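Below, each structure is written out as structure tokens.
What follows is chain A paired twice: with chain B in the first complex and chain C in the second.
Here is the complex of A and B:
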């Protein structure tokens, strides 16, 4: 087992960033965002980031190709999908799991998304294990191990019987943090930057436990029978039908393709779309299979808790809690789950 | 005090529903966390006990009336001062009619900033006043059928403070400031959806075939969106501050709205939106003495 003193982390990131773009959770105003690492920046250890690192693999706006018209002919310039190597430092296990889920969506099955694939292949993930959840965290209910590190290249963790790492005291006192490689890419980093690390035998500090939790047994199966259930009309009334939950969600991955044309040239781009928006399922001719927020709200939760489970065997929710912290109407997936469990289904 | 108000709201709602005077009553209930008091939609008298009144009843319930405007029957709802201005906004914009509403007004001492509690940064007992409540001019409901609780004095703090700070910046600094703020916008449209003044049947932002505003998220399109929306609600913004509260990334939306309010007041004379049903917004009509200079 290797260890690194937290005082050395900024220097370690400086060293990494000299060769590869590094994204790290830093304070921006009052909130924490993943931003390109710059010397002098301060890592925020206590809170998870306001937005997940999804944007680094699946940007909110991404040009697919450009075109030029020349008389009757035209020329298409393929955009070379972002092949620049990058390191995402300090993401949590909920967000790591979201990347595992995005991998299923974009990389498995008949169609592999080349843009996502190019970014994913060139991305190194350095996870920071959680030891204490936030009030809105419920990853353990969704089967995510907050110290699992599954899919990470390197895992960073606090050590047992050591106080928690705090952003403010980080540079004054320092803490030994454990670091473990999970993949060859991780091993390489440990080897290449070995001057930063010492050998260390202490165990990880255990995870306390989420205060918010619910059981998910039989949930997907029950939801399968609840498409026309009155609870959707009832619990969606509070919903404002904005896209906050979908755009701050680490697993939501819907996109739209749009174009921008100027004279004889232009480009096609894709950008995130939200199933909560009125034009999301609007079809040519004006028909909309999800005409009101009841259907849109239902779709979002069925996708998270039933459809994705049926297709990939996992929930499309990692319990990061961002939606319930940020929904302006306090809509809460744990409340939706509770309502679904309480709901009676007419036996037919 | 809050408990009395809460009990009184329950009784009012229960009576209205029992007598069949309203088809639905909109108030607040407790959510998953002590710092969440989300909107509640009560259809049956026996559910009225769910209703509460506390420091987290921050949502402006008036916007939800749009969802009922096509239905028969009356709607009852709880309003604070700001929410009642939202109702006047919707009535003036022909979205709802006064006759279809039973309004329970509650004078408001300001709501607490739950976002700090949700982030685990602060204990619930020491939470500061929500940002949107610090500049409140009208804590007492302006339009209501029943008033619960005693009226409170308005103590607006520095309504135009942020506007003045930004106005002091040079042109390039302003450009840099707003580019940085709008760059964070993720275009979730929470500000639009929560706004009582954003009540168009079809929003220009959803008309992608016309493509008034590109769907790409970059500084140019974000500025286009944020400023267009600000101009669309110019003169009609009731200063409830819900847009800024709903914004997940903290864009200072009310600074733009208050700048426009101040400009309108200096150009067209003092005007407060959503305060007087008969007093139409200055940009809704033309007077011969309106200024026509180009600034």
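Here is the complex of A and C:
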């Protein structure tokens, strides 16, 4: 087992970033964001990022192909889905699991998404295990091990018996962090940058526990019988349909495809879309199968808690807690689950 | 990990021929189209019931059902109702113009499984477009199927698609067609009324028969009811769904009915599947 002193992390990232683009959680205006690592930046260890690193694999907008218009005719130019190698450093296990879920959507089935695939192949994931959740965290309820590292190339973790990182002194003297390779790519990094690492025998610091907790047994099955249940109208009433929950969600993958023309040139691009928006399912003839907030809200929760489970065998939620922390109307997925569990099913 | 090309990039196709099926505000135009790239043309291979994302570069694309059978030749036919921006642009296309096509997408009518059975199609309005490939397929493989019965209706005689194609049908053995319009017109020799009542009037036997219905949701609802009255089992009934789509292959997320994606798991569904799917007929 290897360890690295926290003081050396910036130098380690400097060394990595000299060869490969590195994204790391840094503070920016009071919030934490994944940003390209630059010498002198400071890693934020204590809180998860405002936005998940989803953008690095599935950008908010992305060109699919370009075209030239020649009157009614046209020519299409392939956009190469190649992607530069990148390292995502310091993502949490909830966001790591969300990448495993995005893999299911974009890389399985009859069609593989070549843009996502190219980025995914060229991405190294260095996960930072959690030992202390935030108040809005509930990953363990959804079966995510906050110290699991499933799907990561390297795992970084706090060690046992080290005092919690609070004082300035500790930052200055540093603390040892454990590091373990999970894949060949991870091994290579440990080998190549071995000067940063020492051998160390301490165990990882255990995870305390999430304060927010619910059981999911039978949830998908119960939801299947609750399509017409009044709770959807009740809970969705205060939703503002702003779509922030889908925008900050690490697992939401729905997108729109649009074109942009400038003179005789143009390009087709995709961009994140939200199932909470009123024109999401609206058809040209005016028909909308999900015409009100109730249907859209219901679809969002059913997609997360039932439909994705039916198709891929997992919940499309990793318990990162961003949606409930940021919802302007305080809509909370754990409250929705509670209401579902309490609901009486009318045996009509 | 498997590799495929860029599935979002369409093929360029040339419009060979166009004609109007119906006129008016909701006019329907048929485009006969050939893919420009020879390799793409050879490997296309659609099955009856599948759709394609068709469009005009610089305007947009829409999912439209392919209204011809692969048995008809190496071309594609789309019958498009003018509704929004994209369908307006498609209506403006003339022979020789270029358009974009990607696909084919979705599952298809299980025409292989239906061999040896009688086929009954029940269409309304533009809903005849996805049914046409079945009719053409059965005609091309006449020996493999039993009786073919077409029931088709529209608001007025001017709203019926593929009008020229019905006359020849009665000359074929064991093919019958029944047309209807909502209100009597001078010289109309066929049924007057709605499609579900025409179905009861024709009174087809469910024995060894597959019924496929496409049309407006309200029509489908009553046709399903009447098929049940005629003792058709749920497994004998098929329909197609449509929803707004962007990617066409189960990634973009919007066309779902319950846990099914219309683009990938559909557009063809048996009633046996759909009866348990919430919002299938929303």
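What we mean here is this: the second predicted complex is superposed on the first by the 335 of 348 C-alpha atoms of A that agree within 3 Å, B and C clash if a C-alpha of one lies under 4 Å from a C-alpha of the other, contacts with A are read in each partner's own complex, and residues count from 1 in each chain.
Note that in this section a contact is a pair of C-beta atoms (placed from the backbone, for glycine too) under 8 Å apart; a residue touches a chain by one contact, two chains touch by 3 or more.
Bear in mind the structure is a predicted one, so any value in this text is a computation, not a measurement.
When the two complexes are overlaid on their common chain A, residue A:256 makes contact with chain B and with chain C alike. In the superposition on chain A, contact is made by A:134 with chain B only, not with chain C. When the two structures are aligned on the shared chain, A:83 is found in touch with neither chain B nor chain C.
In the superposition on chain A, A:289 makes contact with chain C only, while chain B stays out of contact range. With both structures placed on the common chain, the touch criterion links A:106 to chain C but leaves chain B unconnected.
Legend: residue contacts after superposition of the two complexes on their common chain; A:299 is shown touching chain C, with no touch to chain B.
In the overlay built on the shared chain, the residue A:114 is in contact with chain C alone; chain B does not reach it.
After overlaying the two complexes on the shared chain, residue contacts for A:278 are found with chain B alone; chain C is out of touch. After overlaying the two complexes on the shared chain, residue contacts for A:69 are found with chain C alone; chain B is out of touch. Contacts of chain A with chain B, set against its contacts with chain C after fitting on chain A, overlap at residues 256, 258, 273. The part of chain B that touches chain A in the complex is made up of residues 31-33, 36-41, 59, 63-64, 67, 115, 117-120, 186-190, 192-194, 206, 208, 211, 214-218, 242, 245-246, 248-250.
Partner chain B is touched in their complex by these residues of chain A: 29-31, 46-47, 50-51, 60-61, 134-136, 212, 234, 237-238, 240-244, 246-248, 256, 258, 260, 269, 271-274, 277-279, 324-326, 328-332, 334-335.
Interface residues of chain C, counted against chain A in their complex, comprise 1-10, 12, 56-62, 81, 83-87, 93, 97-98, 100, 242-244, 246-247, 249-259, 264, 278-279, 282. For chain A in complex with chain C, the residues that touch the partner chain are 64-65, 67, 69, 72-76, 78-79, 81, 105-107, 109-114, 117, 121, 227-228, 253-259, 261, 266, 268, 270, 273, 275, 280-285, 289-290, 295, 299, 302-303, 306-307, 310-311.
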